[in-house]
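Dropping the structures in below, format is structure tokens.
In the two complexes below, chain A is the common chain; its partner is chain B in one and chain C in the other.
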Partner chain A sequence: MNQENRQEEKSFWEKLLAIDRRIIFLFIVVAVALPLFFKVSMRIPVTPVAQGTYEAIESLQPGSKVLASFDYDPGSMPELQPMAEAFFRHCFRNDLKVIIMGLWPQGPLQANIALEEVFQDKDVKAKNLQYGIDYVNLGFTAGNEVVIDRMGHSFEESYPKDGYGTPIGEIPLMRGVRNYDNVDLIFSLSAGYPGTQEWVQYGVDVFHVKLAAGNTAVQAPGMYPYVQTGQLSGVLGGMKGGAEYETLLGIPGRAVRYMFSQAVAHAVICLFIIIGNLAFFASKKRKRS
Partner chain B sequence: MRREVPLVLTAVVGLTMIISHFIPPLNILKDLFEDWFFIIAAFAIYLGVLNLLRVNADKIYKKQADAPFGLVVIFGFLVITIPGLFFSGGRSFSDPGTPFYYLYIHVYYPLSATMFALLAFFVASASYRAFRARSVEATMLLVAAFILMLGRVPIGDWITAWLPQGYRLGEWADWIMDFPQTAGQKAIMIGIALGVVSSALRVILGLERAYMGGE
Partner chain C sequence: MSGEVVGVWIGAILTLGIFSFLYKDNPFYKFSEALFVGVSAGYWFVVTFWQYFLPKLIDNLVLAYTLLTVEGKIDYHWVYVLGGGLGVLMLLRLLPSVGWLSRWSLAFIVGTTAGLQFTRYLESNGIIQVKGTILPLIVGGNLNTTIGNIVIVVGTFCGLIYFFFSKEHKGAFGGAARVGVWFLMITFGALFGYTVMSRMSLLIGRMDFLFSNWLGLIG
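The block that comes next holds the complex of A and B.
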């Protein structure tokens, strides 16, 4: 190999190392968007942590009350909204009563959006669910973990009225619900603070409530210690967690559909990492020689 | 007095909250302090809104370089708030079909999701530049990230379908999540908890006064 060729090759690796980030962005756009146009069914293996969440809900008797805390905003919607929809489908299929609340201002609205989607299903429509009897939305209350702590003594002190201004004493579903002793499970859908961690610290540790969760992929690893200690029944992590939940339910939804897109995007990022390392070592070798 | 009163209040409230956990009759005081907190938290929202408006109006008034952004903030605030407060059926503002719901779904929803989605591009670009096998530690991190990125999506199991059960990428990813990851998280949690305890004690005892805006 003559000196000129070696020089050319060296500049190729160096160019590769200093690749314009817009080229990487372009590849990611294609990797994320293109698979959305294809219907590819992929086998979704279910992890024990996702199974834990599913079983916590599945094990409840019809008529049991589930308190669902919606603690996220539209930023985390691609990951958490499919979980929210699957959660409502699961609850309504098993005739569970759902009490919705939010520690984030946008949370109760996200719940309404999920409900609107779920109410389109034939099976759910057939149940003729009624507000105040089968589900209720208490809305948002400011106060973060203090709200969780206060609800341990009395729901009414944190939420004297539901989201529509009806005193909770006048809501049939809320009759007999004084505190956590009167709900069978808490389901926390969260994207940060306040969220699942605060539910564990102030709900589980102080009032010994049963808690299951759905979190963003970034947040989920932080919940694994709580699952291991039994403070948390299970956790759905990111879109993959949503897809696992949908698989367990036997109702493939948006999370399962989008998994192909996420899989391709991850593969492309891995490919870039391999190329980056090849270029790194090749240019190092050239420099040495 | 400007210093002593907040210090005493902090000490009394902090100690009461801790002690009430062990002496239930003190819950009356705890509940009272929590009521105060609810009121302050609710007012903090209004304070935040007013502050946002004041800061941005100031920018426009002083014709600062970023005044156009201030204008966008105030315009966005009014566009969402006015339909929400006056034209969306009062407390039913979040119901499907109201103007507020329409704006939330068609403006706030996509904008917010877009901001979050941008992370994917930065993560990809950063991974390309930062994930280099420069040392043993960096190589371990690289290998773990590689296994997780592929193992946490179905493609990982698909690539390694030829391997016997228990050796596929998905199972490796689960092992990393269940053991090294969880062990690391626990260590971080314990460290943070000890830090929080010591910081709380410093605040309650008046040694840490930065929250009062000085020292």
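The block that comes next holds the complex of A and C.
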């Protein structure tokens, strides 16, 4: 190989290093958008932490009460909404009673959106679920972790009325529910503060409640140590966690569908990381020579 | 045209407005951004008034006043005067001559938060996590758990060694610190990977919205 060819090869790597970032954006957009048009069923391996969440709900007897804390807003919908829908499907399939609450103002509204979606299902419709008997939405109350602490003594102190203004004493599902002693599991769907960490700190470690969670991917690694210590029964981490949960339920939904896009996008990112490193080292070598 | 359709169109146009920044800064992006900031501020003002100020302060003070005037009872609801007072002091920052009074409110917030969080963090993120790393290094008949326990114990120990700066990182001590650095790097890599997944999820969500809800190209 002569000197001229070597020069051309090196300038190619240098060009790659100086590539316009908009070209990379374009690749990512195509990598994310294109797979959405294909119905590819990917194998979703289930991790023990996701299995833990599934088992925590699956092990409950019919009629058991689950307190679901919706602590996220529309910004985290792509990650947490599929989990919320799968959670409701799981609970209603197993005849569990669901008490919805929110430490974020938009949380209970997200729960209603998920319920609307789940109520379209033929199996769920057939159960003829009734508000106040099979599920209830207590709405939002301000106070962050203090709310969790107060609910350990009395739900009514934090939520004297449900989200629609009905005193909780008049709601059949809430009769006999005084504090955490009267619920069998807490499920925290969270995108930040206040969320799963506060439920661990103020719920699990003070009142010894059983807690399972679904988190955004950014938050999930911070929650895994709690699973190892037994403070959490399990965690669904991000969209992958949602897809694992749907796989365990045997009802593939949006999270499973989105995973193909996620996989292609990750492959493209990995490819760019490799190309970027190759270009970096090649240009460095040229400078030395 | 139904309200839902109008909502989808507005959402789609504003999404494209925000995405247009990826090409370059432009008035369409600036408009979308400004609208988002304005709507968010307005939304949080309304939420703060109706969900925090009214039910937590005004309703409680009205109840306290009613109990006093009707039944002649002074009950614990009067304690909300203290909270309201501290809130007023916070607003005094707007008046330079008495702005220093807002420090009392800040001191109260910092003090109570520190006191509240200290015990909870110490137990949940300190003591229980330390307990969680005291593990048997060899678990008979379970290779996965054995490897997992060794990784946890060695990773924690070496990671802590790295942050011990009172002794020079040389010899066996330095070797352990280097192992600690490797564990830290792998941890940061995993955290970065999760962050990428999270951001990709958001992009997938928007793309699905554009192609499904707006354009109806995906069934």
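We adopt the following convention: the second predicted complex is superposed on the first by the 279 of 289 C-alpha atoms of A that agree within 3 Å, B and C clash if a C-alpha of one lies under 4 Å from a C-alpha of the other, contacts with A are read in each partner's own complex, and residues count from 1 in each chain.
Basically, a residue touches a chain if its C-beta (ideal position, glycine included) is under 8 Å from a C-beta of that chain, and two chains touch if they have at least 3 such contacts.
Predicted, not measured: the structure shown is a model, and the values here were computed from it.
Partners chain B and chain C, once the complexes are superposed on chain A, run into each other and clash.
Shared-chain residue A:Ala142: touches chain B and chain C both. Between chain B and chain C, the partner in contact with more residues of chain A is B.
Legend: residue contacts after superposition of the two complexes on their common chain; A:Met77 is shown touching both chain B and chain C. Look at A:Phe37: by the touch rule set out above, it reaches chain C but stays clear of chain B.
Contacts of A:Ile133 after superposition on the shared chain: neither chain B nor chain C is touched. In the superposition on chain A, A:Tyr258 contacts chain C only, with no contact to chain B. Using the contact criterion defined above for the overlaid structures, shared-chain residue A:Asn277 touches chain B, although it does not reach chain C. Touch criterion met: A:Thr47 reaches chain B, while chain C stays clear of it. When both complexes are overlaid on chain A, the residue A:Ile113 reaches chain B alone and has no touch with chain C. With both structures placed on the common chain, the touch criterion links A:Gln231 to chain C but leaves chain B unconnected.
The contact surfaces that chain B and chain C form on chain A in the two complexes overlap at residues 25, 28, 32, 75, 77-78, 141-143, 206, 217, 221, 225, 228, 238, 240, 262, 265-266, 269. Residues 19, 21, 24-25, 27-28, 32, 42-45, 47-48, 73-78, 108-109, 112-113, 116, 141-144, 146, 149-150, 153, 157, 163-165, 206, 217, 221-222, 224-225, 228, 238, 240, 259-260, 262-270, 272-273, 275-277, 280-281 of chain A are the ones touching chain B in the complex.
Listing the residues of chain C that touch chain A in their complex gives 22-23, 47, 51-52, 55-56, 116, 120-121, 123-125, 128-129, 131-132, 152, 187, 190-191, 194-198, 200-208, 211, 217-218. Within the complex formed with chain A, the chain B residues making contact are 21, 27, 31, 34, 37-38, 41-42, 44-45, 90-92, 94-96, 101, 104-105, 108-110, 112-113, 115-117, 120-121, 123-125, 127-129, 131-133, 142, 145-146, 149-150, 152-155, 157-158, 170, 174, 177-178, 181-182, 185-186, 189.
Per the touch definition, chain A reaches chain C in the complex via residues 22, 25, 28-29, 32-33, 36-37, 75, 77-79, 105, 140-143, 145, 200-202, 204-206, 216-218, 220-221, 225-226, 228-229, 231, 237-240, 254, 258, 261-262, 265-266, 269.
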